[in-house]
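Here it is, the structure, as structure tokens.
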Amino acid sequence: MIHLVWLVPFLPLLGFLINGLGRKYLPKSLTGVVGSGSVLAAFVISLLIFFEVRQPGFTPQVVTLFDFINVGSLHIPFAFQVDQLSALFLLIITGVGSLIHIYSTSYMHEESNEGFARYFAYLNLFVFSMLILVLGANYVMMFIGWEGVGLCSYLLIGFWFRNINFNKAANKAFIMNRIGDLGFLLGIFLMIQQFGSVTFSEVFEKVPALGEGSIILFAIAMLLFVGAMGKSAQVPLYTWLPDAMAGPTPVSALIHAATMVTAGIYMVARSNVLYSLAPYIQAIIAIVGVVTALLAASIALKQNDIKKVLAYSTVSQLGYMFLALGTGAYTAAVFHVMTHAFFKALLFLGSGSVIHAMGGEQDIRKMGGLKKWMPVTNITFLIGCLAIAGIPGLSGFFSKDEILANAFGYNKVIYALALIGALMTAFYMFRLYYITFSGKFRGTHEQEHHLHESPAAITLPLIILAVLSVIGGYVGLPEVFGAPHLLHEYLSPVLVSEHPHHLDHTLEWGLMGLSTVLVIVMIFIARGKFSRYEDTGAENTGIAKVLENKWYVDELYDAIIVKPLLVLSRFFRDGIERSGIDALVNGVGRGVKWGGGRIRLLQNGQVGFYIFAMVIGMIVLFVISLFL
Amino acid sequence: MGTMSTELMIFILLSAIAIASALGVILSKNPVNSVLNMIICFVAIAGHYIMLNAQFLFVVHLIVYTGAIMVLFLFVLMMMNLNADIEPQKRNWLKYAGAISGGALLLVLVGALREASLPAVQAGSATDIGLIANLGKTLFTSYVVPFELSSVLFLSAMVGAVVIGKK
Amino acid sequence: MLTVLLILIPLITGLITFGLKGAGAKALSLLSSFATLVIAVIAWQQAATAPETLQFVAEWIPQLGSQFNVGLDGMGAMLCLLTAVSFPLIFITVYGREYDRPGAFYGLLLLSQAGLIGVFTAYDALLFYVFWELALIPVYFLCSMWGGERAIPVTFKFFVYTFAGSLLMLTGIIYIYTQTPEHSFSWTAFTALQPGSTEQSWLFWLFFVAFAIKMPVFPFHTWQPDTYEQSPTPVTMVLSGIMVKMGLFGVIRWLLPVLPQGVYIWQEAAIVLSVIGIIYASCIAIVQTDLKRLIAYSSIAHIGLMSAAIFANNEQSMQGVQVQMFNHGINIIGLWMIVEVIQNRLNIKNMQEMGGIATHAPKLAIALVIVSLANIALPLTNGFIGEFLMFSGLFQYNAWFAAIAAVAIILAAVYMLNMLQKVIFGEANALTSTTADLKTGELLAISVVIVIIFVLGVYPKPLLELVDSTTAMVNAAAWVK
Amino acid sequence: MPVQYYIFLSIALFCIGVMGVLMRRNAIIIFMCIELMLNAVNLLLVAFSKMWVDAGRIDADAAQLFVFFVMVVAAAEVSVGLAIIVMMYRNTHSVDINILSRLKN
Amino acid sequence: MNALISTAVFGIVLMFVGLFVKNKQQIKYFAIAGTIIAFIANWYDGQLAGGSSTILHGMIEVSRLSVLFNAVAIGSTFLYFVLCGSSFEKVGDDVADYFALVFFILAGITLTASFSNLLMLFLAIEIISIPQYILAGADKKNLKSNEASLKYFLMGSFTTGILLMGIALIYGATGSFNIYEMGLGTGDLSPLALCGIILLGFALAFKVSAVPFHFWTPDVYDGSPTVFTAFMATVVKAAGFIAFLRLFQVSFTGGGLEHHWQLIIALITAATLLIGNFTAVFQQSVKRMLAYSSIAQAGFMLFTIVSSNETATQGIILYSIAYSVATIGIFAILLKMKDYTFDGYNGLARRQPLLALVNTIFLLSLAGIPLTAGFFAKYFVLTAAVQQGQLLWLVILAVLCAAISAYYYFRVIIAMYFKTGDAETLPITAGFRSVLVIGAAVIILLGVFPNLVLQFL
């Protein structure tokens, strides 16, 4: 089966080509079948691969398709690597991907024929790129996918291209990602310089030779991490993700929650050999992670756009994953990627269902009491909220608990901060839930009349994801439960450098209890505050206003980066280009003309003067040649 | 003071006349005076030719220059009825500048040629090289090509003078 | 003989075309360009297997030791192929347009093609110089005669600029020629000479300035945006797609192997200039509102990178540069094709007045997106391979230069995406809502570009292998320390 | 007698001629000064001829013949030159060289 | 030698033709026939002179160079007569005399490449100059023509004085007028000889209009009847250079002698290049621009003097052809224009495409663009200078000036092709056109195969 791995990315690519080229001619039904079917088929193959990989004693296999770049000693083949990590990601991507494709067939049904096909083409292309990213057997392949998903993200955020603001959001996403990509790229160059190779196996083989704490290693690790920061929306490169909500909601679910944004985690996990030898960088990663988690969570507290809340929540959760990576708990990070994929996709799709029902309205202040009309959405959304909040028994609890436990072992302060973040998570999620689903409806009558539960193509994925959000956590039970940590065992051949912090059991139980209790308290506070929410229209003040305005980070970036860049560019254009270089060049021309104009005055028409000048010239030349 | 000094005295006398009359040419206001000065200068130069045993040239010089060319000049001047008043004075500084640069040229040339070491002229030693017979022989043997060519020159000058001169 | 044919076909047909009227000129030039393409493809195949069969030597000026010596190595074959591919594309794109005095227009274009191929094939310095100028003259006339309202002074500036540069190069050529023991212009004699390092040091500048103006490298670039803006688009395609490669080609063929020590002394300076140029031009591109000028500055930035990579002068950068020479040519020609279509439809250049083209001309918009993405070196497009290798090579030379230069990939995204947003996205206005989509000919030409973009983006091997020999040659010559 | 005397004399005459050319505006006088320069050269040539004869060279008559040719040329030049000056006088009623300065710059 | 005789004889013949042939247009054909016969006679010379032979008591040396240059000069004159011959009539009535004078000039020119005695040089220069004074003033009623004639004459005869002084001083130092027998390169250089060399340099610099002895050039070229300017600025100029080069190459080179004068000639060259090019940029009249351009081109030709080596000889020959043919062609077209300013050329390409094309080729040749003879001309002179060593600064200055020169040559091209206007021309015959095309073909042919000419050297 392994040798057929190329089919996994190839099928979505085929879907992309069919939908893209035939977008004018194919009916929507066929488009939907092609789009979803290709991903579903890829999922099936991924499952088969997964089962093969799961066999004990499986060693990573590299499938080389052809030579991509061959320059001297540098060989970069177009090759796929199948191992435990990539197989797991294949499952997440194609699995969640196919659900979202199915969901989309209904959600996007109001688009024109062409738009519908275009949407599926982009989505398929995204899946293709994402699969390249996780399947690549070297960093360049990863980079190909890395930029590819960025492109698809750009295309899908700007899907409704007539809206200039959506386009701007798309541009922002792409450009911020590129900043990260730059780091990634430089990291690759440094690798080429140091190891003469970018293939995972060769690089990891040569890394230890540099020795722990080597400055080169730091540089590589840091540069790669910059890439991860961009892709996975970490501080300071996170501001694009909330804006990316301009795209269709299934896109947010797939790209900006479940898959693409976790690419950074995948990359660091994939490079665990490297990172484990760069402890300072790990510390940086942990700090960035926890700061992101806190910052995003704090912003989420005051957002009123249903998708924005989820977006900040995603940023925050990604922060947790990086925290896990920073503490060396790679499995925990991957684990959280998985569970997060389930419940965040669920939440996004649920919000999509809500938005769909509300006729495009996204402001939660205009909603309320929706559980009456949308029972399935309500239940599944609630499950999602519970899962993300970390209620014991649901998937989020296990993954988050593992992260918190590791953080505690790593550093108490970070643990405390992470815990605060987790509490905020519970609070804003239930704020969202209660404002949206409880209380009474605050929208227009027209909207109220229109409210309905979504069709099966939407609810079915919701239900499946809700089930996964509940049971997904059982693959990684904490040690204290006594059961084996399946995920850890599964991934251990890949995550060779993992060094999780094991706490003693009492402490672990205590921490678990503490967080559970606090989370429940938070939920109740939220319930008390928002279950009968009324939109007063009052302006926020003080810290609330700061939070509502996202700490003014966008404005800050505008002031310290965008504006100076524009000023600099204008200075280059007007100051240097026009009045500098070009003026100089033209000045030479003018100088010649001016000189000509002066010199020609010598030619004054008087023959007496001419002879005089000749004599003077003779004298001068005589003096030069005779006496000098 | 032997014969040498006689030679030298004649040389100095002739030179003085020549330079004085040359200065007269350039300094006198009336063009007719200039021409007359010029004639004196040419006669002095002719005297030098005799001193240098160039008898043929002496004759030609007197006939061609003093006789023909200068008379031609005089004729043209008379025909145009030019006198001193007609020539507007150059601005003074230009005049001085002209004089100074001419002087500078002189200085430069003298400075350059001052140290030339050359065989001396043995004044008084008569040679017959400048006689018409000898020169004529050379002229019609070695120098026949330039001689013929000068006819081309004259022809063109003649054609030219006609072309330009006729109304 | 094949090589000579490559020069002769456009030369002769070009001269004939002068005498033809409208349709005849179009048809003949198209035919000629296809014939050249066929020959170029055959030559390309031969260059890969038996390059020596492409060498053609005939006596030219025996008194001078100058021969009509043409041949194709990997890079030469690649650039000839680029030229041969570009011209049919250009002709197809403008097939629907009517130009004043078409005979002269197409004739001059073909003559410039002959000159360009000549430059890429010459193995004799004097011949090289002759072709170098020959390529310039038709372009000068094309720009001035069919260009925009400021075309005459602008093109003239361009002409004098490049002319001055090439005359300096001529001085250098003459100097080296007089130094060669057997007084020969042949490339072999030039590379074998190796003057002393002081001489190489100043000779370097004589050559470098000529090439730098042609490329153009900061600060010798100011002719370029104006010229691109004012030229008729087919000519701009030739200029930006192929002619700028003359400078790069010149450096690789005539500077690196001939004056390795000079390069060694000055490479850092050249790279610094190039890197400044990359950032500088990228920044200016950000604040351009004129579509053509934006592309012009983006081109300066790209060329800056190529120049930096050439002087970084290692295996990766050299391979990257050569591959990128081809790919940049294809991409920028594609870009200009689309600009030409937009110009033709809307007759405006200011991007602020555009917008919403995607709604009414989706094919056009898609093509623009793809070509723009190739231009910002998205992986799996052809632009990526070259840029990746060039940056990598530059990084091996000096990590900091590479890091600074690489900022351009962000800036490139900024201006290209801005351009896309302003031109094709958003709501259509009164003007743009009438935009007609691509017509068959245009679609065909652009499709070819797009296919090349993806094929070479996914499978660059043929190109990389083709230029291997040239890289080996340069590197063998260049590491004299 | 050193030949330098003749050299200096002839240079002096030559330079006086140059001065005259520079100082005067009357075309005829200027032309005369040019003739003076030619005569200075002639004198010099004759002196050199004598010098080389005294030094024993038999072909020294070349210089005298040269002088002869100079005179020939001078005569031709005078005929043309005076014709030109007369032509100018006819058109402008002046022989001032500065009258004619239409052609400039 | 045959060339000299035939041209001189034909000068006389033409004088008489004027008496018997009343139709002025027909006189041209006699003149053309004269050049053809002279060309054949010269070719016959070439057959005889295997290597080089000094004949007639050391006055004349017939060599491959002299025969080749005579061929160039006579050929150019032929082209000149064919293209501009019919314009003689516009100047005045004495058409036959003008032709005769041109032939006399040509007779002088045939000496410039073959003199081997300073007397012959002097006579050659005078034979060239005196008819030119007359031709410059041929348009008798025209004050400009008067002025040109007067200026040329006064300055020319002043320079004659300088030239003679130089010759006299050299004679004083060496006791010989024969350029082969002077032996200046051996032993110490007498100050007399040095002054003589410098003065001769000045005089010849005047003839080739090098700065600062160039002042006459623009005025004379501008004031003279255009048809004569065409001749003065081309063949005559080339003759000046060949004389200059011959004298300096044969007599003043060797034994380190060139170091005494190389610097000032180099300075003169630099000044000529700068002033010629700078001033030409400013002109509004094409005719006057060509006058300044001739100064600028002289700057390039001076390179041959500075370097005075084998390549320089080749260079001067090629330069003579390239420059003469191109300039005659440009002047021939100028003669057909009603308006001599740049604006007068506006839109010529639409009205007379062939004329414009040919003019463009000539202008490109002057600018030194490859594939025209002008390129190889420039190439050779620059190579000569580079071979000399130490002169690289001058070469670089020259190429920069060449770039400037593109400016004013291209102004004509711009006017013809890119500007709209109705350039008015006089009627143009098919014969005129075809000869122009032949001229352009020569330029292109020599631009591709310069050895067509060089093989004769």
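Every chain is named by a letter (A, B, C, D and E) in the order it is written, and numbering of its residues begins at 1.
Keep in mind that, in the parts below, contacts are C-beta pairs under 8 Å (C-beta built on N, C-alpha and C of every residue); 3 or more make two chains touch, one makes a residue touch a chain.
Note that the structure is predicted; figures quoted are calculated from it, not measured.
Chains touching both chain A and chain C: E. Set against the Cα centre of chain A, the chain with the most distant centre is B. C-beta contact counts were set side by side for C-E and B-D; B-D has more. With every chain reduced to the mean of its CA atoms, the largest distance from chain C is reached by B. Chain A and chain B have centres, each the mean of its CA atoms, that are 102 Å apart. Separating the centre of chain C from that of chain D, both taken as means of CA atoms, is a distance of 65 Å.
Distance from the chain B centre to the chain C centre is 71 Å, each centre being the mean of its Cα atoms.
Measuring from the averaged C-alpha position of chain A to that of chain D gives a distance of 96 Å.
Among the residues of chain C, those touching two or more other chains are numbered 160. For chain D, residues touching at least two other chains, in rising order: 3, 7, 14, 17-18, 21-22, 25, 31, 51-52, 55, 60, 62, 65, 69, 73, 76-77, 80, 84-85, 87, 97, 100-105.
For chain B, residues that reach two or more other chains under the stated contact definition are 90, 94, 97-98, 101-102, 105, 109, 112-114, 116, 118, 143, 146, 150, 153, 156-157, 160, 164.
Touching chain pairs in this entry, ordered by label, are A-B, A-C, A-D, A-E, B-D, B-E, C-E, D-E. The residues of chain E lying in touch with chain C in their complex are 314, 364, 369-371, 375, 379, 382-383, 386-387, 392, 395-396, 399-400, 402-404, 406-407, 410, 414, 417-419, 449-451, 454-455.
Those residues of chain B whose C-beta lies close enough to touch chain A in the complex are 90, 94, 97-98, 101-102, 104-105, 108-109, 111-112. The part of chain B that touches chain D in the complex is made up of residues 4, 7-8, 11, 15, 18-19, 22-23, 25-26, 31, 34-35, 38, 41-42, 45, 48-49, 52-54, 56-57, 60-61, 64-65, 68-69, 72-73, 76-77, 79-80, 82, 86-88, 90, 94-95, 97-99, 101-103, 105-106, 109-110, 113-114, 116, 118-123, 125, 127, 129-130, 134-135, 138-139, 143, 146, 150, 153-154, 156-158, 160-161, 164-165.
Across the interface of their complex, chain A is touched by residues 157, 160-161, 219, 221-223, 280, 283-284, 286-288, 315-316, 319-320, 356, 358-359, 362, 373, 378-380, 384-385, 388-389, 391-392, 395-396, 399, 402-403, 406-407, 409-410, 413-414, 417-418, 421, 424-427, 458-461, 464-465 of chain C.
The touching residues of chain B, counted against chain E in their complex, run 109, 112-118, 141-146, 149-150, 152-153, 155-157, 159-160, 162-164.
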